[in-house]
């Protein structure tokens, strides 16, 4: 089977992953409307291609928060990579470094931050954080990440409670016994989302700020009002995201929300977007609408499910080739 | 089979109810366009979710016409509950009381008002009324309901004649011999819709008013013009409804009509809506568009068909959980 | 099989008619887009239903060009009724008279005008005309129709050449040997459309006018410009029609064109519409948009295919009942 | 099997061509969205048909860059005709001459320009050019074409790199060993698209201009900005084209881009369009929107696949008949 586009990896993952793992990765909240809209909305954005421009040399590198990456596609934070490949997040870290891009490691990783760091020394990595009721636990995680050389702190803002993903409820989803949410192991018993603190507000950004010198990136913003609040509370960047459609169903597609956020922040902070990226031309559309970089979630997991580090590198390379070609053809 | 969302109950009811009963409950007028639009229109309403608000404590109680209910979802009037479950409306009344919400009992119940009252003493109940050619019969029903402690009178305005529901015609739908429209038994032979009076006009509200001290709620309003007339004729509340798409096909979806009605009444009376509610987020949308409360019709019947009182409680509890979660995730 | 709505007759006709006859009646030009749009466009027109109006007595009679009919639905001109039922147009004439409505007999009838007249003396009938290259032949037809008591002359304006109906080409459609286009038999060999005169212009209305005292109704108008020309050239009425989508594909649906034509003529002549009527509520919509009456084409043929005169009466009675019910429910 | 419309030829070609050839001809870039949009967009353009005009005589001839053709449909440049029919482009040239229309021969022909010329002496032909890194090669091609009597030079502007056609990648598409891109044979090894020069800009039009007296037609323009640039750089005509949806996916449909380009050029140069033409009425729509002529790509290949020269003549004749009929019926 030739792996030609990201859909091929999706088909592979659907075929070969255990159903419970596939369902977990694929799940959207409620009817899955927003999950699907993320993709459909890209199709509604159309190019106005220009001709006869010299496209013999194109530089697709970019910088995010000062760090250069080889092209504007990073790895969004997703949990439980061992469900996709035995080496889990270690493979993810290696693939990201090999492709010279940024990997945002999730709190809900099945490898520790230390294992991830050791697997790919020198790679550009950010750490994704939920704020727990037990603030000491969150503080400890932040400081471990900073000490290990993670270069950014991504605060997920859209998960005061976990969204309703019907298939996970039906499947009684939980990690197999041999996998653990290792980052939290030393702190408290894991995988109870009720450990998350639903009383978090904007002021907690100041608390986070007090814990670390790392730049803070806020993930989950979908409106101009919240974008303005984010800037005012001193974040360094915004990821426009609806959590892959896994939280509140029937909100906006991220590519639709992007323009509104970009307009609101007026360049004061960098803006990224995730959700629904399936082709290199989607990356180009996001950039045309003001994103500095995009992040991929499920496609990274499909790559892992295909062949671990190598599979994820394949996914990234396809996106890179498609992105470069789209740029050339769009002039 | 896990019952995770309301569609699961629908699937169960479709599978286990006799076809003639399923068809009767499911029927829409003519092509079923408006019945289906009620649902589709909710999907077109989109959230603008806000982040980082303290959602650790949420109060979802509300009051309708002064009575507190545990959350803004009541039971709309539907007929013939014994088609769904042997105990019929008695189970409905018990489930509504258990969940501390309002049950609107239909004239076309298969239990008497007295049986319904006895089944769940102290529950909040309204009585739904059609005006018959024989006004004495209608008067007697109103006064029985008031005497039994029903706390509101819901006048259905959209059924001067019964809509054309093709499957019911094909099936030759009629109640099985052991079921009866008991409320009308003492008055006249039942189930002839021609007993309904098609000459009823707004002035009959005054006549109703003269019969009872109960608040009058008018059900079936879809336009600003009629909403204005309803207020002027002194009703206490309006239910925006198209009878579940069972009367005139190809009128507006109720969630679309809601905004127009809310704007017309300017807070002078309470406005509710029924039709198309299938998820907790639909409730939140209706409230955001100005409804004080919503009512569910078919989903209540699916709950009854699943496990009587217990099944209906399951349905209400799922809606309640989904509603609370939607509120939290929407900020 | 219960015949509950017009779709039931369609299904019957599709099942029992010879394929070549079904295909001929069902055919639309090219891709059949306009044929299908005629129906879809009705679904886009929505009611604003009003409540609590006295609908106990409703008068659904109307007058077209001074003649009273029992309800505003007539029989549009279609050819070759013997393909649907052995008695052909004689059955059509009898059903129309029985239901007290107007039947527009086609030039391409398989019975003569004389046979049609004799089959249902006293019925209200109009005669549909194409102008032939041989003007004497057309003149003779007009004068025969007038002499036989036909009360209107319907000039079809949209067929300078026959539209491309792919299935008819594939089937090599022609009448079976025992059927004839009898009206033209005495005049010239039939079924060669090239006998039609593609050089006909508005001035030929004056020529027609000179031949007869009958009112002239022009059929096939779809634009305000042509509606204005029709009025100026002295016709008595307009039928907004696209020939059931059998001529130019991808023009407007008739219900969409109706409003434009009605606005243009400003009541100077009567306006009717055909194409896409499948339910009583469609009739109500057409009337609400300014039509004085509608005409049905294919549904009449399905009725004939079901049971001849009786089947067509069934079709008309269903439309009549649905129309009356829609009026009541829409207030 | 009766060949009644162009879809019949498509079905034939899909059935009888080797899969690898069918896939190559059918391919669109990425998801094939723009390829499909080319067709769907025509369906959204609607006629306003006018009646009672004298359509007994219609002249459908036109002139493109001064040369008369029998009707406004030419053959767009497509590659590798021997994949469709053994005689390849020789048959194409003969069919075009037989129907008295223009054939644009592709650089990627499987016959030489000399063979094409010899096959149909006197036919109206233009030559389609890519600019290669090796400019001498391109110059030689241009001068061969001019010497052979080709009357126009069509510069393809939308292929600095080849679009990503997934099925071709999966199939490992390449020409069978017995076919060759003969025009380039003498110059360099063929079928490596990297021979194309991605640094071509508008100034290269001046270079082309210096090589030949032939009129230059630029193909691949989709925006008003590029249309303006084309006029300023002295081209004689523009073909609005997206390469059949084979280059950048999710740009505009050509019929949608046409109006913008026509408005921009204000008649200063002739404008043609290709992509999505499947019926005679599509031709009429393109002309109504300002095109002087249209060109067909895939339908020509289907005709070849059916019966070589004869099959392509059938395709052209059907389009011609449908175009004439549409004109008559639209008035």
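Read from first to last, the chains carry the letters A, B, C and D; within each, the first residue is number 1.
Definition applied: contacts are C-beta pairs under 8 Å (C-beta built on N, C-alpha and C of every residue); 3 or more make two chains touch, one makes a residue touch a chain.
This is a predicted model, so every value here is computed, not measured.
Think of chain C turning onto chain D: fitted on CA atoms, that turn is 90 degrees, to the nearest 5. Although chain A and chain D carry the same sequence, what matters here is overlap: shared residue numbers make up under half of all numbers found at their interface. Centroid to centroid, with C-alpha atoms defining each point, chain A and chain B lie 44 Å apart. Chain centres here are Cα means. That of chain A falls 62 Å from that of chain C. Interchain contacts close the chains into one ring where each touches exactly two others, per the touch definition above.
Chain pairs that touch, as defined above: A-B, A-D, B-C, C-D.
Considering their complex, residues 2, 4-5, 43, 45-56, 279, 281, 322, 325-326, 328-330 of chain D touch chain C.
Those residues of chain C whose C-beta lies close enough to touch chain D in the complex are 30-31, 33, 157-158, 160-161, 163-164, 166, 169-170, 197-202, 204, 220-223, 225-226, 229, 242, 247-252.
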